[in-house]
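By written order: A, B, C, D and E. Residues from 1 in each chain.
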Amino acid sequence: MPKKKIKSKNHNVGAPPGELYYSGSESNNDVKISLIQYNEATFSEQTFLDVDSMLKEVKPGLIKWINVDGINRLDIIEAVGKAYGIHPLTQEDIVHVDSRPKFEEYSRYVASILQMLYYDNGVRYEHLSIVLFEDTVISFQEPCGGDAFDVIRTRLRECKGRVRKMGPDYLAYALIDAVVDHYFYVTEELGEKIELLDEDILNNIHMNGIMHRIHELKREVLLTRKLIWPAREMILNMMRSDTELINETNSIYLRDVHDHINRVTETVDQYRETLNNIMEVHLANNANKMNEVMKALTVISAIFIPVTFIAGVYGMNFKFMPELETKYGYWITIGFMLALMIGMGVYFKRKKWW
Amino acid sequence: MPKKKIKSKNHNVGAPPGELYYSGSESNNDVKISLIQYNEATFSEQTFLDVDSMLKEVKPGLIKWINVDGINRLDIIEAVGKAYGIHPLTQEDIVHVDSRPKFEEYSRYVASILQMLYYDNGVRYEHLSIVLFEDTVISFQEPCGGDAFDVIRTRLRECKGRVRKMGPDYLAYALIDAVVDHYFYVTEELGEKIELLDEDILNNIHMNGIMHRIHELKREVLLTRKLIWPAREMILNMMRSDTELINETNSIYLRDVHDHINRVTETVDQYRETLNNIMEVHLANNANKMNEVMKALTVISAIFIPVTFIAGVYGMNFKFMPELETKYGYWITIGFMLALMIGMGVYFKRKKWW
Amino acid sequence: MPKKKIKSKNHNVGAPPGELYYSGSESNNDVKISLIQYNEATFSEQTFLDVDSMLKEVKPGLIKWINVDGINRLDIIEAVGKAYGIHPLTQEDIVHVDSRPKFEEYSRYVASILQMLYYDNGVRYEHLSIVLFEDTVISFQEPCGGDAFDVIRTRLRECKGRVRKMGPDYLAYALIDAVVDHYFYVTEELGEKIELLDEDILNNIHMNGIMHRIHELKREVLLTRKLIWPAREMILNMMRSDTELINETNSIYLRDVHDHINRVTETVDQYRETLNNIMEVHLANNANKMNEVMKALTVISAIFIPVTFIAGVYGMNFKFMPELETKYGYWITIGFMLALMIGMGVYFKRKKWW
Amino acid sequence: MPKKKIKSKNHNVGAPPGELYYSGSESNNDVKISLIQYNEATFSEQTFLDVDSMLKEVKPGLIKWINVDGINRLDIIEAVGKAYGIHPLTQEDIVHVDSRPKFEEYSRYVASILQMLYYDNGVRYEHLSIVLFEDTVISFQEPCGGDAFDVIRTRLRECKGRVRKMGPDYLAYALIDAVVDHYFYVTEELGEKIELLDEDILNNIHMNGIMHRIHELKREVLLTRKLIWPAREMILNMMRSDTELINETNSIYLRDVHDHINRVTETVDQYRETLNNIMEVHLANNANKMNEVMKALTVISAIFIPVTFIAGVYGMNFKFMPELETKYGYWITIGFMLALMIGMGVYFKRKKWW
Amino acid sequence: MPKKKIKSKNHNVGAPPGELYYSGSESNNDVKISLIQYNEATFSEQTFLDVDSMLKEVKPGLIKWINVDGINRLDIIEAVGKAYGIHPLTQEDIVHVDSRPKFEEYSRYVASILQMLYYDNGVRYEHLSIVLFEDTVISFQEPCGGDAFDVIRTRLRECKGRVRKMGPDYLAYALIDAVVDHYFYVTEELGEKIELLDEDILNNIHMNGIMHRIHELKREVLLTRKLIWPAREMILNMMRSDTELINETNSIYLRDVHDHINRVTETVDQYRETLNNIMEVHLANNANKMNEVMKALTVISAIFIPVTFIAGVYGMNFKFMPELETKYGYWITIGFMLALMIGMGVYFKRKKWW
């Protein structure tokens, strides 16, 4: 994923709908397919490199979680799609790394498309899709994001929490919850950077690159916001859906996720406004400092210019300049010049001009 | 609670939902449990250090208010939760000090999660939860917030107002009302600070740190807003709820609380805009003052530079400079220079350049 | 009422709901109670100082308008409240001068709480409450606002307009209409001040205090907005209410009031934006004027500094400076200096630097 | 209508509702009443100066369009109102030139109040009312707006388009459509002025009055917006109305008008943002130009000040200054000064300081 | 289409509704009419220059796509309209190149009016109309936009994708989808320009014209936004429509288009904010650079002015100036002046004034 995410790539523009096109940047061919089958009593975990051998291992009566790690191998996506009857449009969304988070109901399944955020020298994201069938959950992800789901895998394996006792809808919920929980890492990271920035400004240090730091953070907050807002809408749609695939009693968990994502969006909005405030303070500080310098320097000029004029006057070569002949003319002039300079200095000081 | 509340802590990210994690900063182990039982005729008040001994004292037929003062002892929260059948997700919200205000209905109870605000050298908040059962109200709070509920305790004890005559729903309402009433203290405190700032700007004093004062106040107004907005939504949800636990006739009181919180949010929004106005005035004032200074100083330069040039001319050492030989050359030159300076001064004055 | 209305007072925070607390600043004890009884044929008007003697005069079969002039005597409010069965929460709203405009339905009456605005060296407001019963209208107001209702009193007395022929709901409407009509005075006053400001800026006069005038007007527009918005909501609620106390056929009049208040809010919003525009123009003007001055002054320096240098050169005391010995050296130098100055002046002029 | 429309006049504030008050500035007494009667086959057009003679000419079975040209003769409005049963509140809206656009349904008629905009050295508007009865349309307008309806009159007379074949509702629609079409003229005029402004800024000409031109245009866009927004709402209300006076099949034409007014409002909003952009560019340009000038001038000072100092040094009159005695001292000094000036000039040039 | 699209043309203002007026700038008379007839098995493609000969070729039982390439020949539009019963208002929208995107249902057809965007030295757009009948799709377009539909034509011809197997509603969807896909090209182009701008600002190059580049991009983003927003609304209306002409099962494809256009609008909104951020950084950079220059130059003045004064003092011609007679007076003075200059330089450096 490129660092600057202003432009988005859409190379499959013009292709017929449902034609798969992988828009990401992976080129690795090793797409791993893992199959976890469990119920409250049993648990098995297997890894495959192709779809057919995986399909052979699927056992009825168990809850199945198929995780496809890598979405650049379109043949694998299509094979899974064909085996499970996933609509071509859904398949297109699964492989299109820039599609908007969305929740869609089909007759046999519901699909949640969303992005996982992480922070690595800037806000990064990965494309994720979770498809929920009657007894199966299929998740598709770009490879590096594996860690978000590891928590769930461990919970399944060690039978921690509720997840082994519940249906596939709870598993789907748990996966989405894990993703939304990751959003907090990103906002925390952004929050720390903003706090650091704020302190640097209060202490007036590192003044040079601050505008660029603010710009960079604003851009990241903007990107985060753009990524999270539709995810929130997606979860809302999921909550309101009356699909039979999601058990009524599990809606309470979705409500919880919705609450989390609301908190994230509020935090991001707060960051946005905080960054604007910080920028205002920074600009005002800068202008202030500049003003101080200019005032001090201009005061120096203003004090010396009149006396320099006087010196110039007595530097004139007129033949008849009576003062020049007097005995104390020099000392009187020097005295007057000093008095004038001190007087102006005091006057400016009193007027708080420096 | 830290002073700068830009970043929020979420250390239980990744944990299974419903797993309790205390995210606050208390480490004191002395969690006090108080049990108040009353009806219109009787009133008793007891304090315990553990849940079991408290549960033994609970008498049927009375309205019970259990207040848990301190939410860092997860074992106590779990014991209460188990005894009263509080859902793990609710328990999680009770101990998670950064959860958003919300109102949630469960089959046997309704839960209101909110924050109490107070002002102590900055806007501070405490996490509060009020769980309403058929004949019991359980409230959970971080320790220092005890005083908000003291008012209610006194009213119960002294049988003031309506509270002893009404059901547990009225008690829950009274607790929420007490919390919302506290919001006014915070907005008053902020309002006073803003007024002080406004006066300082009108009188042009303390100009140095003003930008930081504005920034600090903006941040506090922003934080207050972020905390109060979801509380408003919470109370609206509570009003609209059709739970049987809240008596229809008491909805009028909720309407009153909703009205209060509306007033608070409007005040906070007004503060926000006022602060923006104040900042604009301050920046304009600053620029104005700077302009005045620069103009005055530059006028001095502009007046003296031409005459200094003239003096320079007659300071030249050319052999043949007829003016130097004339008798009144010096006086004429001096006169011309003075006239020029006065002329420029008058011209600049007329053009209002200083 | 204080001039600067940034902060609002809420001293009854923490008190039980329904406990009366007068939050205004009147201390006069002379609360006047006036009783007007009328139907199409008859009209009587009486004034009392206590509630009991007033109640004795109430005659059945007539429409009764009780106006309580002054809300600082809580005993009187309570007596009226008791006699007519006004809910303690309504009573609280009646005496609490900072409560938000609202419309509330109770079983026996409907209550409209609102503020009357007037302009007296700044936007001022008074607290007003209108309670409508089946055959009675009770209005409560702070004393100085009497004139708003005088129009209605005169119309009743002289049997002008429709008001004597209609029921008490029309009277209540007429009172609210009189209040909303007063809002126009305030917006007119603000509009005049804004127009004056605008002209002063176009004519570049009174430049000094303009930023403070803008600030002051912005604050007043902000306050007006804050006061009028909930009033609009109140009237909307009143329109939508299905209470039997308000006759269906009178809803057309409410629609008219709603229309008026809409016009007021639109005007206030327009003022707000106009003030922002004015401020932008003012700041740009100021910067422009400053720029002109600085440019002119700097041009003077730039023209004289090079020639002063040349004069300095020929003021040096080197023994061997051939130019000094030449016959026309002085005149050539003077000529060159003049040419340089004129050349620079023309160049700067052409570049439009002054 | 005054040019500066910041303030609005509301002299009938305090009057009983329904009391007519003409708030415009016409004083001409010649109110023309025209009566057009038509069906698909026949067409007649007559003009009257009083209502009674007009009423005598009204024939049953034809569609009647009564146009009252001038609304300052309250007696005429009242006579028409009485003859056709127009509610006093509607009459009030008809003569009150500043009332908001609105659509109101009464039992026997529906009334559309709106403003016609035209551009004559600024945005101007006229008050218009169209009242639709079962077989009659009555329109009221301020005199100068006659041309907007001329198009319709011609179409009726020459039997062009659909209007002769359709009912009175289509006529009412056609009148409103003619008014909304006029809005485009205003936006076109504003658009041309904005484009001119934009070009002037790109070409850096007429820089002086630009801020005032921007201000003036912003004000006009603001006014246009304020006038058009409620008109849009009015048309929406008309579309949604289920009155029997408007034929279902004609709602398609209203949809078209609604579409037009939507386009106007979007254009106005675009103008608003464009003006803000233009202002930003203008301010940045101005600052830029100022910076260039100041830098150039300051560079001149910076180059000459050091060498002037050197000249000053050798202008000192110390007895023992060995350099003064050397043969090439003068030339060396001159050379050094030139080298210094050129060096500084090159250095500043390289740093892009001028 | 002109480059600067601030103003829109509306020359048919005042014409009766439904009267055709071509508001574009084409004058070519060669309007091509292409007729494609297909079902899953057969496909034929013909081109005509007049409507009648085209109508003769229409065969029942096939899906017909009539594409009218060029909308300036009103007679052709009217002939098509008459043959297919297209309402005059729809015909008006078809030829009016500035009409808002909209979706309208009539009894026999539904019409989608929208704009195709492309980027050619600025955002350009073309007017498009798609009318869907029971077994026919008629599309009208301005000539240069042919390429957007070429993709569909190829897919039909080569029987690629789903389009040959589906009904005319799918064809209409495919056409709209092709148009919306083109929006991505425009946003990509804008995105690239914005990224380039951003890099230039980070690298501080091409500083001169940057404000105009920002202005130009802002204007294009604004125009794009204005064009795309109503298109989004149009698609939403199409989705929500319950017309029988669009098959329920195809609504999933509309959902996909809606999703795409949502992504486009979000991207455009992000661009808008990014441009604002970029402008802020640019202005701050500019101010910063200016400040640096001014500070450096002013420091030079401040350092040399005091010593120049000292030199001036010893250049005075007083008879009695004892220092002038001393042996080392000159050297002491020179040393003092150097020390003063270095001291000031160090002091200013330490204060970070340069």
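By our rule, a contact is a pair of C-beta atoms (placed from the backbone, for glycine too) under 8 Å apart; a residue touches a chain by one contact, two chains touch by 3 or more.
In this text, all values refer to a predicted model and were calculated from it rather than measured experimentally.
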item	value
Both-way neighbours, i.e. chains that touch subunit D and touch subunit C	none
Graph separation of subunit C and subunit E (steps between touching chains)	2
Copies subunit E and subunit A - interface residue numbers shared by over half, same or different	different
Chain centre separation (subunit D, subunit E; CA means) in Å	26
Centroid distance [mean C-alpha coordinates] between subunit C and subunit A, Å	42
Junction residues of subunit E, two or more chains touched	287, 294, 298, 301, 305, 308, 312, 315-317, 321
Ring of chains, enumerated from subunit D in the sense that reaches subunit E first	D, E, A, B, C
Touching residues (chain side subunit E, partner subunit A) in the complex	151, 155, 160-163, 174, 177-178, 181-182, 184-185, 187-188, 191-192, 194-195, 198, 202, 252-253, 255-256, 259, 262-263, 266-267, 270-271, 273-274, 277-278, 280-281, 284-285, 287-288, 291, 294-295, 298-299, 301-302, 305-306, 308-309, 312-313, 315-321, 351, 353
Contact footprint of subunit C on subunit D as seen in their complex	4, 6-10, 13-14, 16-19, 87, 89, 98-100, 102, 104, 211-212, 214-215, 218-219, 222-223, 226, 229-230, 279, 283, 286-287, 290, 293-294, 296-298, 300-301, 304-305, 307-308, 311-312, 314-317, 321, 323-330, 333-334, 337
